[in-house]
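The following block contains the structure, expressed as structure tokens.
Letters A, B, C, D, E and F name the chains as they come in the text, with residue numbers starting at 1 for each one.
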Amino acid sequence: MKLITTIIKPFKLDDVREALSEIGVAGMTVTEVKGFGRQKGHTELYRGAEYVVDFLPKVKIEVAIGDDLLDQCLDAIRTSANTGKVGDGKVFVTSLEEVVRIRTGETGPDAV
Amino acid sequence: MEDLIQTNYALDTFYFLVMGVLVMFMACGFSMLESGMVRAKNTAEILTKNVSLYSIACIMYLLVGYYIMYENVDTGSILPSFGTLIGAENTVESTLASGGDTYYSKRSDYFFQVVFVATAMSIVSGAVAERMKLWAFLIFAVVLTGLIYPVQGMWTWGGGWLAEAGYSDFAGSGIVHMCGAAAALAGVLLLGPRAGKYGPDGRVNAIPGCNMPLATLGMFVLWFGWFGFNGGSELKLSNINEANAVAQVFVNTNIAACGGLVAALILAHIWFGKADLTMALNGALAGLVAITADPLSGTAFWSMIIGAVGGLIVVPSIVLLDKLRIDDPVGAISVHGVAGIWGILAVVFNNPDATIVGQLTGIVGIFAWVFLASLAVWAILKFTMGIRLSEEDEAVGADISETGIEAYPEFAQN
Amino acid sequence: MEDLIQTNYALDTFYFLVMGVLVMFMACGFSMLESGMVRAKNTAEILTKNVSLYSIACIMYLLVGYYIMYENVDTGSILPSFGTLIGAENTVESTLASGGDTYYSKRSDYFFQVVFVATAMSIVSGAVAERMKLWAFLIFAVVLTGLIYPVQGMWTWGGGWLAEAGYSDFAGSGIVHMCGAAAALAGVLLLGPRAGKYGPDGRVNAIPGCNMPLATLGMFVLWFGWFGFNGGSELKLSNINEANAVAQVFVNTNIAACGGLVAALILAHIWFGKADLTMALNGALAGLVAITADPLSGTAFWSMIIGAVGGLIVVPSIVLLDKLRIDDPVGAISVHGVAGIWGILAVVFNNPDATIVGQLTGIVGIFAWVFLASLAVWAILKFTMGIRLSEEDEAVGADISETGIEAYPEFAQN
Amino acid sequence: MEDLIQTNYALDTFYFLVMGVLVMFMACGFSMLESGMVRAKNTAEILTKNVSLYSIACIMYLLVGYYIMYENVDTGSILPSFGTLIGAENTVESTLASGGDTYYSKRSDYFFQVVFVATAMSIVSGAVAERMKLWAFLIFAVVLTGLIYPVQGMWTWGGGWLAEAGYSDFAGSGIVHMCGAAAALAGVLLLGPRAGKYGPDGRVNAIPGCNMPLATLGMFVLWFGWFGFNGGSELKLSNINEANAVAQVFVNTNIAACGGLVAALILAHIWFGKADLTMALNGALAGLVAITADPLSGTAFWSMIIGAVGGLIVVPSIVLLDKLRIDDPVGAISVHGVAGIWGILAVVFNNPDATIVGQLTGIVGIFAWVFLASLAVWAILKFTMGIRLSEEDEAVGADISETGIEAYPEFAQN
Amino acid sequence: MKLITTIIKPFKLDDVREALSEIGVAGMTVTEVKGFGRQKGHTELYRGAEYVVDFLPKVKIEVAIGDDLLDQCLDAIRTSANTGKVGDGKVFVTSLEEVVRIRTGETGPDAV
Amino acid sequence: MKLITTIIKPFKLDDVREALSEIGVAGMTVTEVKGFGRQKGHTELYRGAEYVVDFLPKVKIEVAIGDDLLDQCLDAIRTSANTGKVGDGKVFVTSLEEVVRIRTGETGPDAV
């Protein structure tokens, strides 16, 4: 099994969720995060003094899937999260050794 | 005739009390303004300071301040005479015998005066916010409201030497507002800036206030209360001339705030590129402070200009103080001090009785006394109990270290 | 006798000023209500709009508006005559000579009138919230408060053609509230709905307001201020009949709000299954707007009914406007417009001097002028500087794009 | 002479109305205080309760309460006579004929009285917060404001048996505040504590209030309104003695709050090690409640002491109630009940007309009636519709289950 | 070493923390997240308009442990987080290549 | 490629970001978290009743890097985040199977 972690622009969340649902992903977990990268922050003035906003709001989605869904998943994310502008984000894939569904105790691919 | 004296006495007393209640509410305005302009982690503490300082002011002024300021004052005197409490109420007989010269309750006078003391003290809390120890501040409040303020108040309103010198200050641009700003400045100088406010290379870092609706609410409440502050300072209402005067004061007070707000907003927009709300709020308050020295003599149009100049002054003043590394989170020194001085000077434009010499004498006299006396008190506090939070307490926030309570315990902060 | 005229003049002036201060505080109420009903990212901007519009209203009405509305008006006229400033104060001699017919300060009259103008303008800001450019809005405020409002105000309260036509509107259900709603409607139509408010398939998406305590605070402050709004509109207090009338107005104003709140709450509970707080708040305000056209003639019981009907109307009105894709984040058009029309019509039930024809004339006349004139101004603004934020600015929030400040910079948002 | 009667009538009516408006604003104060002291997830619901209870109070008191309390009362009676609405207004003739004995509008009397009823009911909502069903609460409000309160109000202020028994309660430490606290206590006992408040081993878990600026705002608004509450209870203003009395009431009310605040703050600091802001707020309110039974007879100094004792009582009272597992999220029972009893008893120190027996009779009489009657109503509600939220609804928060709205939908909570 | 990531219902946090402490887990890191899965969100009305709450509040706990504690840990989580109702959450196990304790520089199993 | 996840004290965020930037890390993702560990929480009194703050605010930084940067990265974090006091935090290293840059579709080391 794989754990796909993707960082996207917040307003793309609904699109990505729908794209993933369509290919049969049943669950996902979302976290508000702040990103630092090629996309630069901005500078504001407050009472004449500067303050720099280094970190930009991003959303992190974690999805556990069976190995078979991996390519479809990557495609779905890439297509749905893409705006073509810098800061669109990243996808990270790690290997999952085990998954357990707490309610039932099921493990492995059945649990995702 | 006697019956009408009674009615007029009742009307003037009522007017005084209603105006006083409006001023009392300014304590709420300062609390909201300040808690909107500090960071979340220092909010419960600034609230505690505000509710406490109001209470301390009322108690100290009852115990000794009112006596110092108004009782037993020799005309033209500099040094106060001491005593306690607020004297006896007017009797019906003496009032009637006065033929209308005694025209309001002495109790209502204490009430109206005491809310001014609290206002002066409120100004201080904003400037020293986010890094001063709670109890050191409250001890300072005891001295300012019990001694420092009443002494200089006596000088003008009690009939002391500044009154003799021709210093003219209708509702207290100097006596209340610049007084508070001078005490604040002394405190800020001994206290130093908040950690992280100024970078090593002359850089000024913004530390945004955490809650703009609260700051705006505070500004509105202050504006609302200011009708009492200036409107009540006419002291009498019960005939056509006086009623017209009070109405003029209301109109001028209001339009000066408008002028200050619009001027500061436009200046900030031109200078900074965006319509900085906090500067607009400070602009309105600067307009109010500026007109306070004489909201009666000028026309509404002229008052709008005086207020607008106040708003134009306050924006660069805030920026300049930052350049000088005088850290004032809410802009109190600029609003109440700098705009206050402008207001005191502007009296000469409209009031033929005021002279530039008299006004300068007032500014220098009040500022010198309040600043130096405050500096002494702050210094004693600094070298005894300490006035500044430890570095760690400041980092974690004054709420935890001073009050043990978080202002917004459930809201995630980033 | 002359002395009593003086006392009564002072009393009536004071009454007028106190009522005016209460109305002034409504500016704060609108600010809080609106900042509670928008999203966090647009809060500093809506606050900036609110503090600025109040100031602009006072300045414009001082410069030209008051003159247009009250000075030099030909009885029954439609077109205004132009001029500046607010005229001279009453003298003691002329007042005494009038034998009591001149009974309050002219300055207090300007003050009381100007806070009504600000109220009308405040109504607009809520309806166009979260997507309109700050400076376009402020320019509109200049025109509405300096020209559009005063012209129609002159028609009734200045003695113009609507007064002749028998239009009866005690404190301004139409002249103030429907006026604001008409200007707002024109703006909303040219502006379009907020991004995401309406789905492609006729779907209406909820965009919840971010801060319910602020919205509730705003409602309470408005209610509080409304005692001045209606209570002061009796214009005179100083004899038994007038005092009784003012007391009746207070009672009726209060109970109409209660009726509106309870009716809207129950209706919302039945219709939506839950006790929607925002509908209750709108219900109270609808009750207040409805009674404003005549808070004097009816009994308390009857006023409660008029208010309750206002509350019952406002809920479906809000739902209906959404169906029509007229996006009004705070419900201002329903509260001030629809309930205002109900209030104007309801005058005929209690006030024998009012006729349905007169009331309809007022509704049509005021609405047509304000709506069309506003539409023209909005259109000019739209095709010159633009009135709508760019898509990206709207997405990021008006706070960043317009004020450069976040309202709640430390609080994590989800 | 007749003209002066008219003027005095107008002045006294106006005074009454202005004081009443201040008291009305206390409804806002309670709303803010309570919404600051509960958790975010119950905030929209407590706001809904507060806006609704005020409206219900005004309606019920109009329909039946005022009649029960003031109309058709036999001197010394225990049982009320029933009837509806609020009677006719004074005519000019009857007023003039009274030679000044009729000195304010009957409508203003209803208005001033009704805001007291709302105050009593507001006290209840805080104590039962965060776990009670909305509609059960509102039904209770109907009964309390329509029946329970008016009956005991009639006993003293209507001229019933407690007035005869010499019970002395100037503005209602017992009739309003302890009344509200007794009704609240009955509700809390039947309702039980919030989930998680008390651990199995006698442990008391803190459940911090979510918004300290709101709580502080609420306290200030209550303080502000209290000038009307006590100041208006003198009922007359229009001569020298009365004006002096009103001024004394203002001064004493203010300084009692100050005493309570400072005393509670210092005690909390000594006891808990930190300057607990919420205790300071409760201390100020306890001072206000304590002085309410007699803000006139004592000196300012003495009033400060009475307030301070109130503040000293309220802190251990809050701790003690928690030990007894009586869960009162805002401290309403301690502030309004315990400090109220202290205030009623303290009347005997300054008012020679008051006796300890008379005061105890009042305490026992009012408490017994209100507590038992409320207990009965709560019990009926409990066994019919239920008064407590389901475990799950309480866990998720009353906002979702009762109002369908979140108070702070965008702010992340931790 | 393993990294156990578990998504649970928020009100179960204290139970899970205690269960883990009991078996000797010394530290953990908690994040507020929003979950999407079989447990459906709810629909509310606001001013007569619908809004759908798709995502439900969940809590994510991350625990780094030595390999030996894995089974105990999974058991402890399953038992303490279980309510038997849909939405109880998931456990994900990934392999940890290295752990460093910043304060001491310790690495490997000593560092967790 | 590696995914470095580090938990640090919040006020060290800027130091760590700078240290990482210096060695050429181009992006990172930051999350507010709450930590439980050897560093104990504190107890406060509210209205006379105790409440225990078990969890302390921490910041989690996630950085994806090529294998070559691993040691430098660990060093940089250790040095910049260290205060020497308990609670400084941890670094966790897991293996990344794949990285995708959404905007360009680049994968592997080029994408980080």
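Everything that follows uses one rule, which is that a contact is a pair of C-beta atoms (placed from the backbone, for glycine too) under 8 Å apart; a residue touches a chain by one contact, two chains touch by 3 or more.
Just so you know, these numbers come straight off a predicted model, no measurement behind them.
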Q: Check every other chain and keep only those touching both chain D and chain F; list them.
A: B, E
Q | Counterpart interface for D-F, drawn from A-C, D-E or C-E and sharing over half of its contact pairs | A | C-E
Q: Between C-E and D-E, flag the pair that has more C-beta pairs in contact.
A: C-E
Q. Quick one: chain B and chain F, Cα centre-to-centre, how many Å?
A. 47
Q | Rounded Å distance between chain A and chain B, as computed from the means of their C-alpha atoms | A | 52
**Q.** Residues of chain F engaged with two or more neighbouring chains
**A.** 31-32, 34, 44-46, 94-95
(Q) At least two partner chains per residue is the criterion; list those residues in chain C. (A) 4, 7, 11, 18, 208, 211, 217, 272-274, 276, 278, 404-405, 408, 411-412, 414
Q.
Which pairs of chains touch each other in this structure?
A. A-B, A-C, A-E, A-F, B-C, B-D, B-F, C-D, C-E, D-E, D-F, E-F
Q | Of chain B, residues touching chain A in the complex | A | 203-206, 208, 271-274, 276, 278-279, 315, 318-319, 322, 331, 414
Q.
Please output the residues of chain E touching chain A within their complex, sorted ascending.
A. 2, 6-8, 31-38, 54-55, 58, 60, 74, 77-78, 81-95
Q) Can you list the chain E residues touching chain D in their complex? A) 11, 32, 44-46
Q. Which residues of chain D touch chain E in their complex?
A. 395, 400, 404-405, 412, 414
Q: Provide the residue numbers of chain A that touch chain B in the complex, in ascending order.
A: 34, 44-51
